[in-house]
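Chain nomenclature is as follows: A, B, C and D, assigned in order of appearance, with residue numbering initiated at 1 for each chain independently.
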Amino acid sequence: MTRLTRQDIYDTAKQLSNWGRWGDDDQIGTLNNVTPDDIVAAAGLIKKGKTFPLGLDLKQKIQSGLFGGRWNMIHQMLATGTDAVVGAQDGDGKAYLRYADDAINLPCQVGTQWDALCHIFLDDKMYNGYPATDVTVQGAARLGIEHVRGKMVGRGVLLDVARWKGVDSLDDGYPITNADLDGCAAAQGVAIAKGDFVILRTGHQERCLASGDWTGYAGGDAPGLSFETAHWIKAHDIAAICADTWGCEVRPNESDEANQPWHWVVIPAIGISMGEIFYVKELAEDCAEDGVYEFFFTAPPLHIPGAAGSPINPQAIK
Amino acid sequence: MTRLTRQDIYDTAKQLSNWGRWGDDDQIGTLNNVTPDDIVAAAGLIKKGKTFPLGLDLKQKIQSGLFGGRWNMIHQMLATGTDAVVGAQDGDGKAYLRYADDAINLPCQVGTQWDALCHIFLDDKMYNGYPATDVTVQGAARLGIEHVRGKMVGRGVLLDVARWKGVDSLDDGYPITNADLDGCAAAQGVAIAKGDFVILRTGHQERCLASGDWTGYAGGDAPGLSFETAHWIKAHDIAAICADTWGCEVRPNESDEANQPWHWVVIPAIGISMGEIFYVKELAEDCAEDGVYEFFFTAPPLHIPGAAGSPINPQAIK
Amino acid sequence: MTRLTRQDIYDTAKQLSNWGRWGDDDQIGTLNNVTPDDIVAAAGLIKKGKTFPLGLDLKQKIQSGLFGGRWNMIHQMLATGTDAVVGAQDGDGKAYLRYADDAINLPCQVGTQWDALCHIFLDDKMYNGYPATDVTVQGAARLGIEHVRGKMVGRGVLLDVARWKGVDSLDDGYPITNADLDGCAAAQGVAIAKGDFVILRTGHQERCLASGDWTGYAGGDAPGLSFETAHWIKAHDIAAICADTWGCEVRPNESDEANQPWHWVVIPAIGISMGEIFYVKELAEDCAEDGVYEFFFTAPPLHIPGAAGSPINPQAIK
Amino acid sequence: MTRLTRQDIYDTAKQLSNWGRWGDDDQIGTLNNVTPDDIVAAAGLIKKGKTFPLGLDLKQKIQSGLFGGRWNMIHQMLATGTDAVVGAQDGDGKAYLRYADDAINLPCQVGTQWDALCHIFLDDKMYNGYPATDVTVQGAARLGIEHVRGKMVGRGVLLDVARWKGVDSLDDGYPITNADLDGCAAAQGVAIAKGDFVILRTGHQERCLASGDWTGYAGGDAPGLSFETAHWIKAHDIAAICADTWGCEVRPNESDEANQPWHWVVIPAIGISMGEIFYVKELAEDCAEDGVYEFFFTAPPLHIPGAAGSPINPQAIK
């Protein structure tokens, strides 16, 4: 396959750009594609009253040092039952409270997560043309995750590419093409519509869970979306793109001149919200069983002003 | 008012106990009250396609040192745009990625949050009779927040007690009674049903937001539920009780022999999930405007095995 | 008093600059002033075998939100005795270890600390002319604290200005002048020499410790060195300047055109290591008692490559 | 070799116990062995004015998940030069400060460190008979590191066992015997005295530094002190025992009935301060060159009340 040049990336970004489409001060990108009617219609997909939580266990040690100095979540107790039972919380014995309390320390993108629109730059720019320098150690003055805190609601669609291909997991390096996306959707009997939250299943995460080996999952080779799917995303005007992998995009990448070339286009140029490390095992099994691959979807990020991402526990409700 | 004795608390806990009601190995308490049909019915409440995110801005400095050594969230950047534009992320200039990344460090209950059922002990016991010693520095072996990660879905009901009382905010120390709850519901034209997620508005949080002064909000005096409402909660078999205050319960407390006496009963004995520090301003305004105080509600906790709570951004969808 | 203009600051910086003095690749500034002979001579000051640890208790809540988003140290346990005694550390009971373990999370400059030479910029430059952009979220590529990890050894001299002035504490806003420094040294019978680690006592910290009120200590008004002392520092070629205050420099500052104008000169231009928040109570009392204000001094920073500072527990040994 | 039974450990602990030796309220154990005269005498060892910092680079990724949930230090910037140069720190442009600032998050024993006397329990007891339950999530009420904050000063002696044995590094599992200690000291021409800070070089750490592979260093197999050296330690009444390894003690351990059996004795029974992960390369080379294995030693822990350990950067000064 021909390798993408830097110029290819710039050209595609320019071609697919949504800058200005929703106003010069837009902060939410393709989430503008979701209308109130879409949400009402999505509610109609709740028919069994069955909820699938899509957040991966945050104590899985999925980071192995390949990217950005991220660490696995640290969970620490501020108050324990063992302290309580020896009376250490009772003070003078008059009016105490015996309780457990705790704290967490985690990179916003350590596990199941949304990328904020400020997460990826195209050279010196962010989505909608905002300068990358809007992101300082104080956080993102623009395009932080707070802008979408009430926007992650709508119709979800699972594209179970692995199952459609008849494998437990796609191979690392397998590039999911536009034809794959269309073929899988057709086989599943679901049509991708404007405003959809599209969730891909490659089987990569379940492979790691089954083996207990996460080496390379976060930042190494992986199956994932090929560069051409940027066109598919723009053409379908979906709301968000999500996957069970670390980064949605195929790795090794299709370019020698950019790390994550597809990211360079879909976040800063198209302005799409990206969900990663989704745990979809039970959801996928249920969809395979009842043949229904659409559902009500909501994945509220935490309200962290200026954040470049947020840990989430998305809910697919059928 | 007569002050509650320790024995009063024990007696009420015994009277209202749900221990064993849903099996000796139950981990979710009153969330058992929500049926699949309840969820389907709740979906029918989505009529306008309007979403209200109920997570308070995590950068509000609401902790002032009154309780448990909790600190305000620390948000730190792992990658910035200012670094990007000077080329600090470009390595050898071949295949780089320019991006923003960040991390958060926060007590699980620093802002809008769920208490896990392991959060409060009744002497040496947790809900369902589990020993408090199940909670060590490794986290909670039982009753951690992970058990409810797909259970926070159903019908939400706002009881806007402050508005019903005609005030911007109830006074600190005001004890919300069973009569208040019933009166408010009746005035709003909504009947509390089994499996409901009940959310109270006292106005306390909005008072702090308006003044910019959070002194005492977290752990000081506050309006809130009186001890007798434990009976109301059990009688209505609701799923969860939530409020815009730090701790739902009225402070100063109604007992000299326990800190948070109502907590001693409702979490360990009744097994109710408690939501705190909910931001309900726009939701309450909308309810007042359209007269509809019920909605689809979902508030997924993060998937943190063994956690005594979780930060959340609840979604009320009408 | 005439207020300092920005130009005054630039002019003084230029006049006192040590850029290039110790080579174009120098990383330690005025610590070059300490010779091996100075260290041997300083050892001769150890006559009583008495050690004064100068690190302030890190659990004092000295940060009150005035500067830079710093938080008070968070100390958390990873293993406790209460867990141990209930057997929670014993595994299968064969070959266990019962132990305590813990972790700390702190700004490098939250308490008693060294400023690294990269801590303060003069516009776009650091000491020795290095570009400020050498400091990214990855840390400082130049002038990090690691360069001085074996350099904080020599003769220490306490200038107990407060005691010399006959007060428990100098007033906030009191500017210590060159005449004060000389007068105090003379009264104490000690001559400041090249390579000395000079430690000032203003009494500010002891005032806070006595009252239990740290409001304003970190970043508010304080007694401290006046701008003119930059000349004194350069003239004496001392190794380091330290104080019992948050920032050594008098506050309110002597300029409307710079925050911490003295800092603009002494760190980036002179290249001096600065020690702050030193706890000197017992040391000062001992010096007053025996009349000896010089001692062996060592204050090793932690070996943190790229750090802009380090928590320390300096030792004055007489 | 006969494997140690639990009873062997208890018997040795009882035989070597220092409980009560320095009073029922003693908090510093064998550091009582250091007298003011010892400190004065040690000062006389400073003859060259040469300082060796013994703190290992805290950015070495030495933790590989084998023990206690410890993580490698996280170093994060609160203020950067890249932010400064784009003007992000300048506010309204009047009186700003351009600066770098940072924070660290680390287990107290992640790198070069002191164990506090509360670090290891003998069943339910700590040194001097204090109950292990004194250590809660609030920290250690007794035997915390703060008690020794001015006590880590005296004569240091390096026992370069690896060099004496003629190897770059002792093999993992090699048990250093009493005969080794005595033989090495004799060959080096140094006599171990009461109150000494004894530092062992096994070469283990340098082996990891050279290879860049830290797998197993922290918590895996290692050369180290055999169980019998507990007798040697008691007999010599040294102040502290330190090494270039993770845990001083040989691993695999000499018992199937205890993890770290030697620790069970030397910390809780003898009450010795233990220093670990010391970086001794240049010190050892210098000692080999000049034949002088004694020096002035100081290794002040941070002033963290209730801590079970402290990161340090020890200084050996010759």
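Here is the rule we go by: a residue touches a chain if its C-beta (ideal position, glycine included) is under 8 Å from a C-beta of that chain, and two chains touch if they have at least 3 such contacts.
What you see is a predicted model, and the numbers here were worked out from it, not measured in a lab.
Engineer: Quick one: which chains contact chain B and chain C both?
Structural biologist: A, D
Engineer: Through how few touching steps can chain B be joined to chain D?
Structural biologist: 1
Engineer: Quick one: chain A and chain C, Cα centre-to-centre, how many Å?
Structural biologist: From the centre of chain A to the centre of chain C is 45 Å.
Engineer: Find the geometric centre of each of chain C and chain D from their Cα atoms only, then give the gap between the two centres in Å, rounded to an integer.
Structural biologist: 26
Engineer: Taking each residue of chain A in turn, which ones touch at least two of the other chains?
Structural biologist: Where chain A meets two or more other chains at a single residue, that happens at 69, 76-80, 82-83, 85-86, 88, 103, 105, 133, 136-138.
Engineer: So what shape is it, when you link every pair of chains that touch: line, ring, star, complete or other?
Structural biologist: Contact pattern: complete, every chain touching every other.
Engineer: Within the complex, which stretch of chain A touches chain C?
Structural biologist: Touch residues, chain A against chain C: 69, 76-78, 80, 82-83, 85-86, 88, 103, 105, 137-138.
Engineer: Would you pull the chain D residues touching chain C in the complex into a rising list?
Structural biologist: Those residues of chain D that touch chain C are 35-40, 42-44, 46-53, 55-59, 68-70, 73, 75-82, 84-85, 94-109, 111-112, 116, 118-124, 126, 131-140, 146, 149-151, 153, 253, 255-260, 263-264, 279, 296, 298-309, 311-315, 317.
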